[in-house]
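Okay, so chain A shows up in both of these, paired with chain B first and chain C after.
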Partner chain A sequence: MKAKAIEAQMKVTCRPAVLGQALQVVSRAISSRTTLPILNNILIETTSEGLALTATNLEIGIRKIVAAEVAMEGSTTAPARLLTDFVGTLPDQDLEITLDGATQSLNLRCARFDTHIKCIEAEEFPPGPRPDEGDRLEVALDDLVTAVEQTQMAASTDEARPVLTGVLVQVQAGGLTLAATDGHRLAVSKLSAAGAGDLEASLIVPARALAELSRVLKGEPGRVDVIISKARNQIFFKAGSSELTSRLIDGKYPNYAQVIPSKSSTKVKVSTAELTQTVRAVSLFARDSANVIRVKAQAGSLTLSATTNEVGDSKAEMAADVDGSDIQIAFNARYVLDALGVIGENEVELMFDGPLSPGMLRPPGKEHYLYVIMPVRVAMS
Partner chain B sequence: MAKPDNWPRTILHVDIDAFYTSVHQRDDPKLRGVPVAVAGRSKRAVVMGASYEARAFGVRSALPLHEALQMCPQLVVIAPDGPRYREASRLIHQIFRRFTSPELVEGVSLDEAYLDVTARTRHGTSNAEEVARRIKFQIHTEVGLTASVGAATSKLVAKVASGTRKPDGLVLVPPGTEANFLAPLPIGAIPGIGPKTEDRLHSMGVRTVGDLAAYETQRLVQALGVGGAVLQRMAQGRDRAPVDGSKPAKTISAETTFENDVSDRGQLEHALRELTDRVVERLKADDVRARTIYVKLKLPDFRLVSRQVSRTSPTDDVETIFRAARSALEKSHVESRAVRLIGVGLSGLEHPEPDLQLTLFD
Partner chain C sequence: MGDPFAGVAGHTRALDQLRSQIDTGRLAHAYLFVGEAGLGKSTTARALATTLLPEAALHRHPDYWEDDRIKALSINELRLLPDKPPEFHELSLQAFLNLKPAVGTRRVALVTNVGRLRDQDQGVLLKTLEEPHPHRVIVLTSPSLNPFVVLPTVVSRCQRLFFHPVPAPEIEKLLLGLGVEPGRAHLLADLARGRPGWALRVANDEGVIEMHDVWTRRLEEVFGAPADVPLRVAAELDGSQMAWRRSEGEVEDPALFAIASWQIELRRRMLSSRGREQGRWARLLELSYDTLGYLEQNVSPRLAFETFLLECRKAS
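Moving on, here comes the complex of A and B:
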């Protein structure tokens, strides 16, 4: 690659709209503050499939290949922000990109524009790990995106406990289990995988990386290759011409299985849409410290209420299938909404086992998803 | 640079001006410049705080709300907002702790505290006046409230001083000038001298603090009991009580001295009811709950009788507290014995437990 880059007078033609979109996605891997200036640049390389764009903050790497006509091979690195912003303004006409290898000046010609951007040699760019060897398995893109969406919001943002800022990805028995918790709630989602064979692995993937996954893989064909590096320190997701790589978090994930309730004294089945709308409305009155909504289940109905001294209060009663004993319990409304937003079913089942024990939300009759929330112990009044 | 002064002790008494109403006026421009009172909504509500605009109409703390509204029909009445007062108080105490160590800040109530800043003023970097000014400035700029500060060598003189030039006052009483400072003030300025004692002293020809300081001690004790000697020491500016920030939680109390001594139980209960309403409103405004309810009676011979009732869980319910106060009264009052003063107090004060998010692990 080195020799090629020095000699290259790279020359490619592509469409600004396509390039611009890819630049935006790839730029997501760039940290706003970095101690390594080269990491503010995007690596641009010609390949047999088109123009490859790569960015990394050394934790996450994103690579996309955009369709381009390559007239002359070559590579360089261009400042991400400037290139992305500039390409984003161009009219949708052919964009001709030419690199002067000696000066690292990147010439962009499109419609009435003739622009030069000062670049840095490709050799300066840190070589990222490549997904060529390691354990491979394959999952459906939609399944993976759903499972990530259903779990990553439950991960912690508190850097004090790094393992909780990740999503635990367990590979076993031909499937993947994703679990995330911030200590107050826990989300667990399962999906099947092909080619996993008898592979068993437990990896902690930064939630920040997974949060980019759906954006990076959007528009790609339906299957995703998941590759776990031999050293068990990197994970790769690759679909079509898009790739996300992430460093793994080192550490011991808490034994989440032990906090999943195994019994319940009250089961409630209720419309997801109606519950979502109700929690959203009532929680406007839950502005106090813990964002508390009170939940009361009794035969045939579920009542939600919230009060904030200076603001007022709100109460709503909705019809629900209630099985078991009456209960009053309180939760942080945001935790409830987070789950309802991703459960993806018309109905949701709520399970309680007393006001101070964890509550659980799950799609009725299905095993692939569950969400556990610890209640709030409310002051007596 | 401020010149250090060399006071034996430098004690500040900081009193936020019209605290409750000022907090509301700070947060709502519509309330500025108009008479505002903080009071509950019950039939027997009393004024808990009045803005200076309301005070111009004669509206005062402890005045029944309906009377206040007669005096000042345009009075804007605001419901108490405990958490907001507590937050303002917390910020003010943060400021205090920049000037002295926490155990030398003695909070009397949400809006009033003593600070011992001797260490700050003695070792060459500052003096009482500068510390007082900086505290006032920081409270004003950071919390948006004005404070009146008295600086003296004792808590007593500092407190009297802060009360002489409100609002936004700063009064310094350097060592050696205490007696001169106190002498011209009316005797009512001394904490602990209520209307009845005041009348009594007036009838003895004692009108100013100076009169009291110079009065013959024996005759004072004959007239007022041992308390007379205590009052005289105070009038002389002699107070060695330390600023004690480690004091257990304060109490909230109210008392009333009868025009004529009362022996009828029904009448005492009636007075108790009014006092209970007053302390409970204050309790709620401060967003605390009480474990212990006590009743004190002063007999015609100035003897004090006090009984208390403690509960296992703290409460702010007015009926619960009244029932406890009534049973304390039963324990302390012998049928048909005359009573000169009745008071009710709440102690063992606690903030209600906040909501607590439980955790999955550990």
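Moving on, here comes the complex of A and C:
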């Protein structure tokens, strides 16, 4: 035991600003529950690249490597909140961190400060797999962040079908497809991946975990390694010195492809900003009537309207490029706004195939994103 | 592999069943361990979990979830998408079971005393208990199968394993194995009323023997004394039981403890006497068991103590 304690000595020097920033990112995986007090701590380990900080809440794990001069190797776990708050107040001078392995006391020396923080042995930290083994592919960080943004809002918040609370991540034909649905709408985003080869995999990642992705990988260089563990129970997103790990949801994702309309009788092309603004304004009059707005497309124009008996009604007509037969259809305004907010194009194409068939939104002339909304059945005037 | 249940005293039948299910890989997805507190239900459940999750110690195993608090269990600790984030657990039970195992091949969850959940909250568990993902083992424990404690619909979805009081010699063996001094181990095993958990908890508590002596002396005072003595002892016992009811804690009901102490004394006297006298002690011992029965029903505890002690008064 004694020999082990001596081994656990650690001595590193780094800059408080860099460490503080990394601690803040890593702390996002920390919650303050009481079942496993060790999870309130951040695992600190020396590695060949510097100081590795790891935190987990047993669903996601965040790991960041901070540039540091390692004089003596070692590891421990320190209380996340205290360490983050303290390092955040330090002046920008060299910070010397020393661990006394026998007492697990972490000594931080910087400028006029000489501080000791009581730590818990690194062996107590829950084991987690490392991404050394597994199938990997590479995608552009911006593409991945956009794809996540475009899909995760469609994930379900209904407990009845647990698999739908996640985002389906599919690797096939050398590309990556993200899909999410809650039964009322479906968002599918595709991005190209390098190095996927003939790898095929289908994983369900909790939507909450993906929501952290942009924050964790922010500021890292443009490429992300996506690593899928051999046992298919873990996914890693690794960019530069940052890494996000997520456990996966168990179960079989429904075959979403069958709800994507294969044909359309009416195609409408319209300005995204104008449509967003119009839907937002008109939907104020739909708040008390299940958020339903009516859409009417006829040659050259798109008319949106909403009515609530006790409140009033609103109608707006906008110029649009309409191709095909006239149509009247109704949707939940929130679902439309969700898609318009993330489509990221100046123009949007709406496709309809009758008032009771699903409608589709997509960037005109592009295949990488589509958003399907189930219509609402209402009496049309 | 050694015996997974080496540290559990008694319960041969239940443990044999679990052993054979582990060996054949035919574990149920949900178990309900039934038996009063202190018999070893949670210990058995943890031993089972340790066998199924050998990768790390349970307290830091990412594939293990446990709630063994005394407090009422909030629905937020269970539901997949709770209204408020769980206060106690990192992940709610359903969120935990919904994710694939992290480092092991299974995920194991233990909820002790499932009756802590309100009826409508137990309903939330039904779907989870009915068709969890493969490689999940959920263990619930409950002191009884009374429908006011645990919903029959929960019971019917679990494989039931019954835990019964453990014979005193086995508890004594367990205590001796832990280095408890023999005389003390023998007395504690008798006082434990079949609950190894209780015996282990008080193994190093000096106050227990002292309490036992006090109550034994009280009983001796009653024998052949005027009627006011037993009435006073009954009032005293009733008072300490009332105080116990008001307190919240792990301590045992003092009335049950006192009666266990008295039973030891009565049994000793019965075994060391002959003839009619022996019959008298035997009857009193029998009456002590009746009194325990009355206490379980809705009888005034004080009245039950008085009746028993007034009978004891006539003993010598």
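Methods note: the second predicted complex is superposed on the first by the 342 of 381 C-alpha atoms of A that agree within 3 Å, B and C clash if a C-alpha of one lies under 4 Å from a C-alpha of the other, contacts with A are read in each partner's own complex, and residues count from 1 in each chain.
FYI, a contact is a pair of C-beta atoms (placed from the backbone, for glycine too) under 8 Å apart; a residue touches a chain by one contact, two chains touch by 3 or more.
These numbers were taken from a predicted model, which means no experiment stands behind them.
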Q) Is A:159 touching the first partner chain B, the second partner chain C, both, or neither of them? A) second
Q) If you stack the two complexes on chain A, which partner ends up touching A:181: first (chain B), second (chain C), both, or neither? A) first
Q. Touching A:247, do we find chain B (first), chain C (second), both, or neither?
A. second
Q.
One more residue to check, A:50. First (chain B), second (chain C), both or neither?
A. neither
(Q) According to the stated criteria, A:16 is in contact with first (chain B), second (chain C), both, or neither; which is it? (A) neither
Q: Write out the stretch or stretches of chain C touching chain A in their complex.
A: 55-56, 59-62, 66-67, 79-81, 85-91, 94-96, 98-103, 133
Q) Which chain B residues qualify as touching chain A in the complex? A) 81, 83-84, 352-361
Q | Footprint of chain C on chain A - complex, ascending | A | 31, 33-36, 38-39, 56-59, 124-129, 157-159, 162, 165, 206, 232-234, 247-251
Q | Touching residues (chain side chain A, partner chain B) in the complex | A | 181, 183-186, 254, 256, 259, 288-290, 292, 309-310, 330, 332, 356, 358, 372, 374-381
